[in-house]
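Okay, got some structures for you below.
Across the two complexes that follow, chain A remains constant while its partner is chain B and subsequently chain C.
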Partner chain A sequence: MKKLTMILLCCILLLSGCWDAREFKEVKLGITAAYDLTDDGVYKNTILIPNVQNSSQGPGKESTQFLTSTGKTSSQSRSNIDRRLSSTYSPAQLDVVLLGSNLAKQDIYPYLDAYYRDPRMHLDCVPVVVKGSAEQALKVVPESEVRPSEYIEGIIESEVETTNSVEVSLQSIGSELYEEGEDFVLPLMEVGDAGKTVSYEGLALFHKSSYTGKDIDYDHTTLFLLMKKVKGKVARISTKLYEGKKPEPDNYTTINIEDFSSSVKSKPDKQNKVRTDIKLELTVMIQEYPQDHLSLSDLPEVKKNLEQALTDQANETIRTIQEANSDVFGIGRSMYGHYPSYWEKLDWEKDFKEIKIVPHITVNIRSRGIFR
Partner chain B sequence: MAKSNTKQKITLSQLAYIFIQSQIGVDILNLSTVLHREAGADGWIALLIGGVISIFFVLMILHISKCYPGEGLFEILQSTFGKVLGALVGFGYYVYFLVVAIYLLTSYGELINQWLLPETPVLVLYALLVISALYTISGGLTLIAKVFTFFAIILFIISALFLFGFVDAKFIYLLPMGQASFSEYVEGVRVTIYSLSSYVLLLLFIPYTEGSIKQKTRTLVGAHLLVISFYLYTVIVSFAHFGTDQIDHVSQPVLYMLRTADSVIITRIDIFVLAMWTVFAMTAFAAYLYAAERAFAKVPKQKKKMLNVYSASVIVLGVAYWGGLNEENIRSIIDFQDKITEAFTIYIPLLLFVLSFMRRKDKQKGTAQ
Partner chain C sequence: MGFFKQKNNQQVQEKVIREDKMPPHRSTASLEKNIRYIQEELKNSTDLKVRLLPGNKQALLYLDDITDPDKMQRYIFTPLREMDGDIQKIKDREESDDLNKAVSALLEGKSVYIIEGNATCYFFNVQQNVTRAIMEPMNEKVIKGSHDGFNEDIKQNINLIRRRIQHRSLTIKKQTVGDYTESEIALVYVEGIVNPGVVKELETRVKNISSDALLSAGAFSEYIEDRTYSIFPQFLSTERPDKTVSQLMEGRIAILFANNPTCLIAPVTFYAFYQSPDDYNTRWLVATYIRLIRLFSFILAITLPSFYIAVVGFHYEVIPEELISPVLGAIRDIAYPPIVEAVLMVIVIELIRESGIRLPSPIGSTIGIVGGLVIGDAIVTAGLVSNLMVIVIALTSLASFVVPSNEMSDSLRILTFPLIILSSVLGFIGITFGLLMVLIHLCRMESLGLSYFTPIQFRDLKDTVIRVPQFLMKRRPEQLESPRPYKSNELSDKHGKK
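What follows is the complex of A and B.
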């Protein structure tokens, strides 16, 4: 009996194979996908598949293959793509999903459902909104790039580092997609230079699960993200300090944010239903002051002007957010969390536009740089 | 195969590990969702209340065991209810343990099939778990105790990996508190007690443990508190990670939240956790299979006893296979289990508890005469 057991156990250990082996050579991995809605409402899917060719010296050169297909759902168009490939197409390693603005303005969830449902899918995939056609953006392949398939992902990554974009993935927007009283932003891109490059344009504001069509401009993203308590490796803001000085650059300054603290607090308010205070404290270094001669005695004035300029900028951003009805600060959810009975009386769909959001920005200038 | 003889003794710490390992089975993966469906964002409060109540059940079991020194569950049933009724209730427990084992097996198969190995025939998955569980229990009590103690380390590894869930967590999702209605709390508490219901198994292990009843009480309550705090931890992480609406759509939140957690060494932590979790599934399954085996403790011949275990595992495999065919069948197994769980984990222990007082009076009378 014991012998038999031992033999059986050895057999199990030595002779077992794997039913679920999926060999790399049998699949084609898509790296970037673009989802569009054509004018007649047909869903169009384009994917980019990189093929690395072997070369004798150095890293192999990468060639890219584009395939486009249409279908009723994303799975259907995926199988339509599959028909034209010698091996199976797998979107399990997708890094970026580009959503054309036409499609994003609809409910985006149905197109992403497969990602949430299938455990093989990698949810660490960045959704990006493209102004106009996503397919066109996908097909931009600058020749200077060594790895064309990583072009768009690279742009997003560097923008996250400079605090112009948030680090998003399908997973991180998952809870906001469902949650009431909380919305999210996605990176926004546009094809530029007559189709030769793609550029980062700011953050697209979403409400529930569709794109509102309104965005936070590229110039305003850094301040917005700091208010949302997000900071990449570097954060830099250029802002207008003065009016009417000549030459024109003298009116501007650039600050480098070294440290910050931010808090968003909401409470019920009689006049405006809800009042939200956003406190933002910045410790900055003056990086650029084209006017020259930044003496110590000037600093209080510079600080005052800077605070004023930043507050104006923040107010402008808040106006955009409220117009878009996109509660990106999660004010509604926080009201529900802290004042559940008061929340019952609110009609957030309408009331969000009416509430008062006040930014309080204080700046502490730590250093003027080494050239005074 | 080695004998499982009743004179084998286990130590106090082994008792604690057996208790922990048999508690943490399938429920750890889906408890958060179930609690959230029952009691909303207050699910974790219901868990706390249920946890406290279940401590009383553990104390009750300890008291019963004190009143019947040296007797296991099935002996106690016999001496409380008499021979015929005792055998009947004993058979009931046999069925109950088998049903729980079936539930554990089908859920495990379903999970592995969905998450990890979609192409592998589910029967093979079942067979792997059953074989390893059979191998564990064939060595008797001391071997079970050693295996369970050895695998306890996994609990700490998994707890550490769950920390990744905090990356995207927002604690505002735990607010507002106290929104659930009374009946929702009751449902949440009920679910909690069910998922902590392995205390029934304790009656099989306490008599064979070395140490005084006081030491055993301290050990078991400590182990139980550890399990409750582990559950609370997973529930709070997953609540804070998913928010109020998404969590209802995700059936295994603690795995799902690790899908994007990227670390340098392991790309897909969810898969890694799942692979380690199969050990929990095995130990819990083995505990219930062992409990079913004890129903035949009175059968004198060793060989016959193992035969009973084999027949029990064939039944379990058969029903589990039927259950694995589609979700409806699994549903009906779970529904059936829910129905009988109440009787075997709440009412009968309560009854035994009450009867144990009367027995004590009998004894006192006996000594007085």
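What follows is the complex of A and C.
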């Protein structure tokens, strides 16, 4: 009896274990997926699968395979893709989800729902909005890339490093998709060069779970992200300091942000319901000043113009955000936290457009470079 | 478990009487009778020589192959001539009237002198000593430090230890084991440092060994170790006197064997198998670095193949993005599941190792090249095993050879198998269960009644996972419960503080 029990116990352990095995070589991993909305209102799902030639020498050459299918839900279109593959399709290593702008303007949650439910999904995957067709962007495969499957992900990573894009993933936007009081931005891309490259265009503003159609331009992303307390490895801002100098480049300067501190404080206000002060202190190095070597006596003026230019830029960004009704600074959540009774009286859906957001930007010039 | 049970209907066999417990057999005054008795007792072996001296009144008996003719000439015949043939005037002799003692003496390599009309036998020690020169042990080489090693002569081995510890507390207790072989063993310890309870325990265990023959140190340890079914060695074996002495001074017991250069050390902890005499000869920082690498190699040796199998078989989500295409490219066209690959590769490595051991060294290295390069390359090109698996298994066996102790290295390689099987059926959970079992087993183990896997507390870390400078290691290891817990009386050492 004892023997039998032991054998049965072993069988339970070993057999149930084998059942669960999922061999790596027997799956096709999708690296990038694109979702579009067709005119008929069904989803079109395109995935990129890297295939590697057998490689006893070196890592082997990668070739890419594209598959497109349609379906009523994202899972259905996924099953439709699976039907055409020699092995099982697995999105477990999905790095980027491209969402066509048509689709993003609707609710994006239904497409992403399956990703949140399955424990095997890769929640670190980056959602990206593409102006126009996502499928088209996915199919851009520059020949110079060693690993074509990592092309789009590479673009985002390098933009995060230069403080032009936020580090987003399905996990990080998860709570903001549904909660009131804070919205999010996603990277925005567009197919350029007559379909040969994909370029990064800025940040797409979301309200609740749909794309507002308004964006923060590429030129304004760095300042916006600094106000959101995000800084990559490098942060550079080019801005116009003067008017009417000749030649034209003399009007401009580029600063490199070495250090920054930022705070967003909101409080109730009688006139505008809510008043938000965004304080941003930048410690910068002048990286480019084409006019001359920049003498010490000029510094106060440069500092003043710089602060003015940056404040103008910030105001413009804030205007776009309010027009889009996308509370990316989380002002609503902060109000809810600090003034819960006051929050009850607000109708955030409408009031956000009316509140006053004031940027206060101060610039300390630490260095003019090693030139002088 | 019927395989291990003693059968009840086992044949009852006669108990062998050991040579030193033979009942006395009085010798008679008749020369002929005495010689016949001895010849019969030795079953008329042809190497028993009976040399009748002129006049046929006196005879010298000896076993030809274990006596030294030179010594016989020097100690018997030359003095005999000088004393005018009177054997009783030669001083350097033993005597007895017990013929069974004479037989024992012959077996030890003595020669027996018998005289007609005299019941007393005289024994002369003319034993031939066959010893090897003192050489550095092949499998325990060090870069710095003493290069001598034990050999097959127990006297010489004790000599090597005595020369290193010149103190009256160094205790040597000789005993014999094996009813036929009467192999001599010596328990060596330092009285006052060693835990007396442990000595008593070891002595009891040795006394209770009942066997016809003691053939090797390994077999001996199986008689007295705490857990024979365990995969881990419970006695540290070494052929180095310096290692033995440092263990003696920590309060452990060394067991030396006649005709065997191996010395067993007990009680030991798991970490003792990861210490090398080199550690105490190099800078402490370097020694610490190497120790950490060795311990890391322990983890690597038992888990790397199973980790790899679990990843490609269950959890490919954890592969970093950059590695997906290389991994996929390597394993895509392999016909077998990863466990078959792994077992195949492990067997190939074991074959190379095992075939190389006993071959003479010029052929041995050829086997290494043929096995390692040709098979390794061809097996990947043929698509039987992926090149990643070759890397994994090669790293694993390298890591298992890093261990200074040979037995521990063997244990590690065996331990890889259950983990490979567990990981191929249960993934990471399987590895976790497997490692948990190993850990529980290690914690439950004892070496001579003292805990084998002593708790890793900060004090014991100093000479286990890392090695701190000597002046910081004032305590003997906690595990031994030594009556002299400190290595020095000067507890507040002024060293390094000026």
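The rule we apply is simple: the second predicted complex is superposed on the first by the 348 of 372 C-alpha atoms of A that agree within 3 Å, B and C clash if a C-alpha of one lies under 4 Å from a C-alpha of the other, contacts with A are read in each partner's own complex, and residues count from 1 in each chain.
Keep in mind that, in the parts below, contacts are C-beta pairs under 8 Å (C-beta built on N, C-alpha and C of every residue); 3 or more make two chains touch, one makes a residue touch a chain.
Treat the numbers as computed from the prediction; the structure is a model and nothing was measured.
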Partner chain in contact with A:Pro50 - chain B first, chain C second, else both or neither: second
Chain B versus chain C as contact partner of A:Ser149, first or second or both or neither: second
Which of chain B and chain C A:Glu179 touches, first, second, both or neither: first
Touched partner set for A:His338, first chain B, second chain C, both or neither: first
First (chain B), second (chain C), both or neither touched by A:Asp20: both
Partner chain in contact with A:Ser169 - chain B first, chain C second, else both or neither: first
Residues on chain A lying within both footprints (that of chain B and that of chain C): 20, 122
Touch list for chain A against partner chain B, complex: 1-2, 19-20, 119, 122-124, 169-172, 174-180, 182, 330, 333-334, 336-340
Residues of chain B that touch chain A when the two form their complex: 1, 114-121, 124, 168, 170, 172-176, 179, 241-246, 249, 259-260, 262, 268, 270
Chain A residues within the chain C interface of the complex: 13-14, 17-18, 20-25, 27, 29, 31, 50, 52-56, 59-60, 62, 90, 92-93, 95, 120, 122, 147, 149-150, 153
Parts of chain C lying in touch with chain A, wherever the complex brings them together: 311-314, 316-317, 319, 321-322, 324-334, 337-338, 380-381, 383, 387, 424-427, 430
